[in-house]
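This structure is in structure tokens; I'll ask about it shortly.
Order of writing sets the labels: A, B and C. Residues in every chain begin at 1.
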Amino acid sequence: MSAETTEANCSKTRNPFTGVEADAVSVRVDGLSKKFGDLAVLRNISFDVKPGEIFVIMGPSGSGKSVLLRHIAGLEAPTSGTVAVDGLDPTLEETRDRVRLALVFQEGALFNSLSVYDNLALYPREHRSGNEMAISERVMHALKILSVEKSANQFPSELSGGMKKRVSIARALVMEPQLLLYDEPTSELDPVMGATISEIIATLKNEYSVTSIVVTHDRDLALTISNRVGILMAGKLISLGTPGELRKSQEPRIVDFLNPKIDIEHPRFKQLETPENP
Amino acid sequence: MKQINAVLEGAGSMVMLLLRAGSYAGSLPRQWARFVEQCYLIGYTTLPIVTILSFFIGTVLALEAGYSMEGFGAKEFIGSLVGLSMARELGPMMTSVLLAGRVGSAITAELASMKVYHEVDALTTMNIPPAKILVLPRLAAVLVMMPVLIVFANIVGWFGGSVVARYVSSVGISSESYFAALRHYTKFKDVMNGMAKAEVFGFVVVLVCCNIGLNTRGGPREIGAAVTRAVVTSLILILILDYFVTKLLM
Amino acid sequence: MNSTQQTARVGLFFLLGIALVWVTFETLSDGKIFEPRSHTLIAGFDDLRQLKTGDEVRLAGVRVGSVQKTRLAGRHAEAVLEIDPKVPIAGDATATIAMSGLIGGNYVAIDMGTPGAPALADGAEIKTLTTPDLNTLMSDIGGLGKQLQESLGTFSAAINGDPKTGGGIIQKLEKILADNTARLNATMTNLQEITDKINRGDGTLGKLVNDPKLHDELLATVDEIKATATQAKEFVANAQSVMDQVKSGQGALGTLVYDPKAAADIKASIADLRSVSDKLAKGEGTLGKLINDDGLYDSAQVTIKKVDRTLDGLNDSGPITAVGIVANALF
């Protein structure tokens, strides 16, 4: 898995289950701004994600990463600017009919009223892909990849946070997406499972040419598997480049963000001290 | 101004939701299991409270009628009063109010929590429209279950009236003359009239509750607020619609 | 709970609901959907009054249908009656609009007609009879009192006469008595002689007097006079009870019905009537005395016949019957 590859080497998305090929999709964000009331969350963001690329968005909490992802998923409409998935507006139902798009939510967003199995089976059932046997095969395969096949008959409320995250990724896999969006895929996971997720993302890209956009603050994940990394701070895209370019960057905010140092003498630690008598 | 805007927005999103749900009507046979589940929740589990309430509405009607009609010696008309008011007005109205309180609040709570915990967003990205699998089965179920609930409410209410008419000494007319008056003045047309009303009320209650649930924004705290808003809006709409539907059906 | 059980419960609940809807329908509409289209009859009236669609049609008091609609047909109103096709309505049956109670509205009453009459066909016109309604009756009561007083006045004038001219029957009878005392005495003497002869059992006159046919005739005349007096008394009693009934009405309707003027009128008439009958009762002795005076007997007979006719006339007069009906219907 070469971190230096900037060009996607494959322009067809292959379905991991059926092997059917489809065009890999691109994402274009152009001048995107979003305001919630008077609060500007995203300010004039532009970037392109090429077909089959892994694009990582990093940034501190509250920088607007998740909102950006929701725009790409078509769950939010921009205040100004455009978002295009395969050249289409993702908020429209027709786009979702043409482009299979999956979003792995930070909290999992599993359907609480359905069992783990039914959570995964919902999509293929609703879209009538195959009979119940084929669906069962697909669901169990996806659960096995994430090592949660034993929880198939449990309900989401019975699962731990990490388990939920894995089921949620499995649910996204069952959809056989052309564009996979991850919101903090490795948070709440132990390092081993985190590595598994990284592997899955990379495999999907290399083997099946699935376009992936990952929102994370996992530095390792960002620097090892991504083709390009964008750094978002206070709603602005302050840097965009390959992991190699990023490492070489001298921009203090990026250096600070990528290499956090614990400096006991830093003024920010002082505020935790109990005020002594003057 | 802000309030007016909110009302218009609510009405608009409700119509949009209805149209969207309606556009998936063809998918209903494939959603049979969901439809049956909603029928169970809306019809079957609501029946006990509907029967209890209707029984006592019937008894109170008969008691009040007995008290007020005694003055001009028209106690024989208690049956017709209970029969007509139950079939035309109180049956449909009180059942819809119960529906709003019992089923509507549950619908809003469920959909609001699905919205707050991003389940609705997940459905959207999976290209499964919430209007199709969350709203349509409920609307269909309420249309099928409402007449059944109403006929139970009517019959239990009439029976409640007859019990008072017969056994309360201050009223004291025989069951025969009670039911004779009821049958004479209550036509099947009146029962149908009440059912038509109940269909409208029930449909609007479910639609309003779905809409408010799906439009919830913010954290878990908003779920409670959404439920309150949904029930209050439903009750107000029932009473306002009552006037217009009654006028329309006359 | 598994979903099969849930489906079964919903199914049961739904079927039960449908069954109850059907039961309600059957109970309230008598299952009209499957009945053949019922028979209609047309009843024309001058005035339909409160009759409206949905009111009952009763044959001899039993509900057999309802008023389907009411409409105008030229110069009169028509009610289209929907009749149970299983119940034949006689061709000469008469339909009237009747009141089912004071606030219960109207219904169409049909009588049985004659037994052998052919049944009316679907859509045929039924004979109708207009009966006075409550409002008309109320306004008639005042006029009725006046009418009654007039007829009773004529009657008493015939007996008492005008005091100025002194031409009354009783006065005339007294005058005849006073004028002919001497002759009567002579006649009585003669009569004494004749009766003596009769007692002795000789002469043709004795046979004549004892003739059973003549005797019977005399008895019959006396009976007729007695019957007339009883009839008059009965009438008075009837009138009194009608008035008592009307007067005793206390509620809103009592006040509506009770017209003090009419009541006073009727009372005065009754007093007149009673004095007449009293006089008649006393006059019996005088008439007995005058049994041998043929002329006088004849003229008395004629007068009595006149009285009889007057009474008959009074009995037959419609309004009184109507008052009776109203009074009985109301109280």
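Rule of thumb we're sticking to: a residue touches a chain if its C-beta (ideal position, glycine included) is under 8 Å from a C-beta of that chain, and two chains touch if they have at least 3 such contacts.
Remember, it's a predicted structure, so these values are computed and weren't measured experimentally.
Peer 1: Compare the CA centroid of chain A with every other chain's and tell me the farthest one.
Peer 2: Between chain A and every other chain, the largest centroid distance is to C.
Peer 1: Pick the chain whose C-alpha centre of mass, unweighted, sits closest to the average of all protein C-alpha coordinates shown.
Peer 2: Measuring from the global C-alpha mean, the nearest chain centre belongs to B.
Peer 1: Roughly how many whole angstrom separate the Cα centroids of chain A and chain B?
Peer 2: Computed from C-alpha means, the inter-chain centre distance equals 44 Å.
Peer 1: Rounded to a whole Å, what is the gap between the Cα centroids of chain B and chain C?
Peer 2: Going by mean C-alpha positions, chain B sits 59 Å from chain C.
Peer 1: Provide the C-alpha centroid distance between chain A and chain C, rounded to the nearest whole angstrom.
Peer 2: 103
Peer 1: Taking each residue of chain B in turn, which ones touch at least two of the other chains?
Peer 2: Not one residue in chain B touches at least two other chains.
Peer 1: Where on chain B is chain A touching in the complex?
Peer 2: 110, 113-114, 117-119, 121-122, 124-129, 133
Peer 1: Quick one: which bits of chain C touch chain B in the complex? Just the residue numbers, please.
Peer 2: 3, 6-7, 9-10, 13-14, 16-18, 20-21, 23-25, 27-29, 103
Peer 1: Help me check something: in the complex, which residues belonging to chain B touch chain C?
Peer 2: These residues of chain B touch chain C: 33, 36-37, 39-40, 43-44, 47, 74, 144-145, 147-149, 151-152, 154-155, 183, 186-188, 191.
Peer 1: Flag every residue of chain A that touches chain B in the complex, lowest number first.
Peer 2: Those residues of chain A that touch chain B are 70, 73-75, 93, 96-97, 100-103, 105, 107, 109-113, 122-123, 126-127, 175.
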